[in-house]
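Below: a set of structures, written as structure tokens.
One chain, subunit A, links the two complexes that follow: it is found with subunit B in the first and with subunit C in the second.
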Partner chain A sequence: MQKRAFLIGTTAILIVIGLLPVISMLVKSVFQNGHFTLSAYHGLLGSARQWVLIKHSFTLAALVTAFTTVIGVPLGILLGKTDFPLRKLFLFLFVIPLLLPPYVTAVSWFDLLGREGLLAPLLGSTLTQHIGRWLFGLPGCTFVLFSVFLPIPVILTVAFLHTINPRLEEAARSAAGWGRVLKEITLPLIFPAILLSALLVFLLTFGEFGVPNYLRYAVYPVESFTRFSAFYNFKAATAAAMPMAAITLLALIFESAFLREGTYQLQPLPEGAQRMKIHLYRFRSGVVISTTLLLLMIVIVPLLSLIIKSGGFAVYLQAINKAGESLIRSVSYAAIGATLLSILGFFSGYLIRIRAFKFWRSLDSLTLFLFALPGTVIGIGLIRLWNTPRTNFIYATPLIILLGYLAKYTALTSRISVTQLAHIPSSMEEAAQMTGASWLRRMIFIIAPLAKRGLMAAWLVGYIFSLRDTSITMLVYPAGHDTLPVRIFTLMANGSPELIAALCVILIAATLVPATLISLLPLFKRQEVWL
Partner chain B sequence: MRKYMPLLLSSLIVASVLGLSGACTRGQKTVKTVTVYVSEDQVFSEPILKDFQKQTGIKVKAVYDTEEAKSTGTMNRLIAEKNNPQADVYWANEPIRAEVLKQKGISAAYVSPNAKDIPSAFKDPQGYWTGFSARARVLIVNTKVKQKPNSISAYLDPRWKGKAVMANPLFGTTTSEIAALFTLWGDQQAKAFMMALKKNKVAVSTSNGESADFVAAGQYDFSLVDSDDGVNRMRQGKPVTIVYPDQQPGQIGCFIVPNAVVLVKGAPHPQTAKKLIDFLLSPQTESKLAFADCAQIPLHAGVKMPPEMKPISAIKVMKVNYAEVAKKMIEIQPFLKSWMGL
Partner chain C sequence: MTVIELRSVVKFYHDTIALNSCSLKVEQGDRLVILGASGCGKTTLLRLIAGFIAPDSGAVFLNGKKVSENKTILLPPEKRNVGMVFQDLALWPHLTVEGNLAFGLKAQGINKTEQKLRIRRMLELVGLHGFEKRKPAELSGGQQQRVALARALILQPEVLLMDEPLSGLDYDLNVRLRSEVVHLQEKLGFTLLYVTHDREEAFSIARTVVILEHGHLKFKGDVAQAKRLLQL
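So, the complex of A and B:
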């Protein structure tokens, strides 16, 4: 009874927080003065611009997906399966762009290559103009989002490689070289990871607002945000958001049909099993040099350009003075958001793992749908639902931001919990049940402590994604409660580039310091599979 | 103790979430606050609001616009919150939006004692908005150009075919100025002017700032921009100068865009709101905004300002009714969209 009530409660929370705003937004978009009308949608379909936006969005998402997959999977194999030196350090460094709001990477490239950029004096005005045209458009957007989302196929490839039974590869190796083993054994085994990463990258790029907006490439999320924010047209904004929701839904149907079982079968290696390693031998130096160059190009150079652009200590003091409160708020909201996300994700993960209800799959799909849905859509939905005098305790307080985090990012913590819970033998809970322990006591004293690594990982992921969120927070934050990513955005209008760069560096530090500290905990020293 | 840890932890989380909500509401009751939505750039408006907070002890809570929302995000938030107002004051960076709010019944009348010396052309006669610290719409011209343009009609001069740029007319002060031209010239003449711009291959940039950068870089000879864009580039030592257009007898004059402050109807804190409005309309605030990088022209007479700026009394001002401009701006949106090919 206790278990049922708790899990129904979890489901209800997810529906109220995530689904209700989207449904409310959809319903309100088709009613005018109490009458049903599809006028907003007619306007949308009748405009030639919509097809241009769809083409732009698809082109950008397809290019980013292709590049990240083609480079990310081999990179994942390199860092997860070979004797490449300092693999963990490289992996950590490659992941950095994913931890930051994507527009920070765009800002750093502009600081480097823009008209007033660090390299402008070396490149000359003609070349700078050419590069500027390249940066502000499809090529620039593709490149920036490629560097931001490259860690997704890398991490997924590394994680799935760790689950391959070494006996399969050992048997194949006795008859064939590594090239053939990779092609015929390893890659087919990690194929679900490749497809999943491609799907995630496609959806995240398709829903990305900050980078195309900064680099002025017209795509659907920018249109939806502009229609709400610049033209205040809720109906048109909703209509503009619907193709994105439909495409997200289609992608999830694909995921549900072809991938889900594959990704849930992720299991750790049996105790004592040794993973097979590929020795690079004579290729080692060449591979190390080219990987280092790639790392320099997509991670180190942009980070350095931000640090150089930010100038000296005085600028950082000014930045702290101007945005210190926003920084504190960001960290606090992200910490509270991460805690709530871990709890909600834990129970939703438990529900999905034990398939507690017939609708477990729907709940999983709902969290994924909300994760893939552009933040602007969720933000508009939240305003639609909670902007009433009776619900001011939510709308006029930071609770509205926290609801946004929960709606958008529960999928991440839920999936981490599913994987972690898969490692806990059901006999543990059953034994506790035999002694008469209630379900809640079993959860608190048996399951949660056993899943503490997963909970900690979920908290960290929740913290990072809440801290980097811009699209939802920018739309819903109450007066006086702006976060650091939002403040950076608002200061971009005529703010000094040095100050913006310093604030970006501070944001990077606020993200990386807790991430590094937690990853250094003894709990995380052992091999971990979170995905 | 360990046994009770989970209970303690969960209580702590619930308390912190409830506290977050409670503290926000409670804070409003005990400490004097004012909530202001601002479409003037944060980098310029925030220091003024901090000064107000320091001088009065009234805590200012602000929502600022982003460049991406083309400085209309906060206005739209005010419209969204019409039946549930959260803001007390709206600081608009131009009077057209303030007029739109008046027409939508979102603003309340308030005549500040500090508004009496502001020329009547820059305030609503009923007190629904009051202008202060203005930008002028000027021509920024690259110094390499020998014979400088002195009128917006230079955009149509074959001498500058393909050599002039202007910001996207769908957004910001460019829309306002075009709407002003429609009210001044009538639809037919204004549309003909717009079509002639296309014929003379006038380039369109994303913003006034970008136009100013293009001219500073020598990519284009001149552009119509806000005076702050021009003054800023001059202060940065860029090879540009500014020209106040149409200043000769018989010419239309220079379009002036003052900031506008609005009291929100149903404001939760009307008393502190009025104090903030009085503060914004003071000559001291105008002087600070004149010396700031936004280089805005004071509307009070005799306010100290930097030498590179012209006082409002020395500028031939385009005579327009901002209420009519606001109506026209909405009316010409479809034309402007089709002009842009959207």
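So, the complex of A and C:
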């Protein structure tokens, strides 16, 4: 009874904070003065500009997906399966762009290559102008988003490589070289991961707002945001958001139909199982040099350019004066958001893991749908639903920001929990149940302590993603409650490049310092031996 | 007196039948060993009795009371007064030996003094006095088995279910623990249902033997009859 009540409560929370805003937005977009009308959609589809936006959005998403997959999967194999030196360090450094608001990477490239960029004196005005045209448009957006989302196929490839039963590769290696084994055994086994990463990159690029807005490339999320914030045209903003929701839904139906069983079947190997490693031998130096160059180009150089551009101590002092309160708010909201996300994700993950209800798959799809849905769509939906006199205690307070975090990022903490719970034999809970312990007691004293590494990882991921969030917070934050990413974004219009760079560096520190400290905790290093 | 009764129990996993119209009666105080090859339905049978799963058809009775039938669990596991030792032992690695034993006592609202007393007695009984503060990973295989046994017995269950608990141990330890299980059962008087695929293990523990084959109960009788059937 207690278990049922908790799990139904979890489902209800996810529906109220995630699904209801989107439905409310859809319903309100087709009613005017109590009458059904599709006028907003007629206006949208009748305009030639919409087709340009669709073309831009698809082109950008397709290019970023193609580049990240073609480079990310081999990079994942390199970092996950070979004797490449310092693999963990390289993996961590490659992941950094994903941990930051994507527009920070765009700003860093502008600081490097822009008219007043660090390289401008060396490049000369003609070349700088040429590069500027390249940066502000499709190539620039593609390059920046490629570097931001490259970690997705890399991480998924590494993670899924670790799930392959070594016996399968050993059997193949006795008959063929690594080239054939990778092509015919390893890659087909991790194919669901490759497709899943491609799908995620496509959807995240399709919904990305910050980078195309900064680099002035017209895509759907920018259109939706502009209609809302510049013209305050709710119906047009909603109508512009709906194609994004529809495409996300279609992509997830595809994922659900073709990929999900494949990804569920893959479980981490037990501790101590020996994975097969590819030795690079004579290729090692060449591979190390080219990987280091890629790392320098897409991670180190942009970060260094921000640090150099930001100048000295005085600029940082000015940045703290201007946005210190936003920084404190960002960290506080992200910490609270992460805690709530860990709890909600834990229960949702438990529900999915034990398939507690017949609709467990729908709940999993709902969280994934909300994660893939552009933040602008969720933001508009939240405003639509909660902007009423009776619910002002949500709409006019930071609660609405927290609801946005929960709606958007529960998929991440839920999936982390599912993975962690998969490590815990069901007999652990059953043994506790035999003793007469209530379900809540079993959760608190048995399952949660056993899943503490997963809970900690979920908290960390929740913190990072809440802290980097721009698209939802930008739309929903109440007056006086802006976060640092939003503050930087608004300061871009009239703040000095040095100040913006300094704020970006502070944001990077606020993300990476707690993340590094938490990942160094002994908890993350020690693996319980389960009997 | 019949403690456990299964009446025409059928259990499917997707399209595979795990138990096919099984009927079985277990008398109070019996040491009944279910013998069968891997995948014959032994664990399913124990999990049905424990109350983790319900039969697709048929019914399970405990002390004459119907506890599950036709896809419905009528009495949850914690209310059946049944203990279980799992194949993987399922010792909680984050809790000490004392914590593992105390967990169920706390859940039943037993006060701390009584808890300590019962834990001490139980650990003495299984020969683990002085190991209270150890974590499971700090114990040998045999000691872990004893903790699992103690944890199941500390709530004084009427029935103890053991799911191949000795399968991972070396032969000598396996033989020693078998006799300890028998000794404990005789001393405490609970009804034992013990599952194994090992004939020697089965015959050294059993008073009654049940042979399970592809989900069917093929035989039930004493050890001598079972040996004759298996031409041993």
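Note that the second predicted complex is superposed on the first by the 524 of 531 C-alpha atoms of A that agree within 3 Å, B and C clash if a C-alpha of one lies under 4 Å from a C-alpha of the other, contacts with A are read in each partner's own complex, and residues count from 1 in each chain.
Following the convention adopted for this analysis, a contact is a pair of C-beta atoms (placed from the backbone, for glycine too) under 8 Å apart; a residue touches a chain by one contact, two chains touch by 3 or more.
Note that the coordinates shown come from a computational prediction; the quantities given were computed from them, not determined experimentally.
Quick check on the subunit A-based superposition: subunit B and subunit C, clash or fit?
Result for subunit B and subunit C: fit.
Does the superposition put A:Ala396 against subunit B (first), subunit C (second), both, or neither?
first
Identify the partner contact of A:Ile383: answer first if only subunit B is touched, second if only subunit C is, both if each is, neither if none is.
First partner only.
For A:Ile446, select first, second, both or neither according to whether it touches subunit B, subunit C, the two together, or no partner.
A:Ile446: touches subunit C, not subunit B.
Measure off the angle at the C-alpha centre of subunit A toward the C-alpha centres of subunit B and subunit C in the combined model, and quote it in steps of 10°.
Taking subunit A as the apex, subunit B and subunit C sit 150 degrees apart.
Looking at A:Tyr477, would you say it contacts subunit B, subunit C, both, or neither? Reply first, second, both or neither.
In the superposed model, A:Tyr477 contacts subunit B only, not subunit C.
Looking at the overlay, does A:Arg49 come into contact with subunit B only (first), subunit C only (second), both, or neither?
After superposing on A, A:Arg49 lies in contact with subunit B but is clear of subunit C.
Please indicate which partner A:Met428 is in contact with in the superposed arrangement: first for subunit B, second for subunit C, both, or neither.
second
Minimum CA distance, subunit B versus subunit C, superposed model, integer angstrom?
10
Please report the subunit A residues shared by its interface with subunit B and its interface with subunit C.
Comparing the two interfaces on subunit A, one with subunit B and one with subunit C, the shared residues are 445.
Can you list the residues on subunit C that touch subunit A in the complex?
50, 52, 76-79, 82-84, 86-94, 103-108, 136-137, 144, 151-152, 155
Which residues of subunit A touch subunit B in the complex?
Contact set of subunit A toward subunit B: 47, 49, 115, 125, 129, 213-214, 216, 222, 225-226, 228-232, 234, 322, 336, 339-340, 343, 383, 387-389, 392-399, 402, 444-445, 448, 474, 477-482, 487, 489-496.
In the complex formed with subunit A, which residues of subunit B make contact?
So the residues of subunit B touching subunit A come out as 6, 10, 13, 16-17, 20-21, 24-25, 35-37, 41-44, 46, 59-73, 75-76, 79-81, 83-84, 86-87, 171, 206, 209, 213, 217, 219, 293-294, 342.
Would you tell me which residues of subunit A are touching subunit C in their complex?
Subunit A reaches subunit C through residues 425, 427-428, 430-438, 441, 445-446, 449-450, 528-531.
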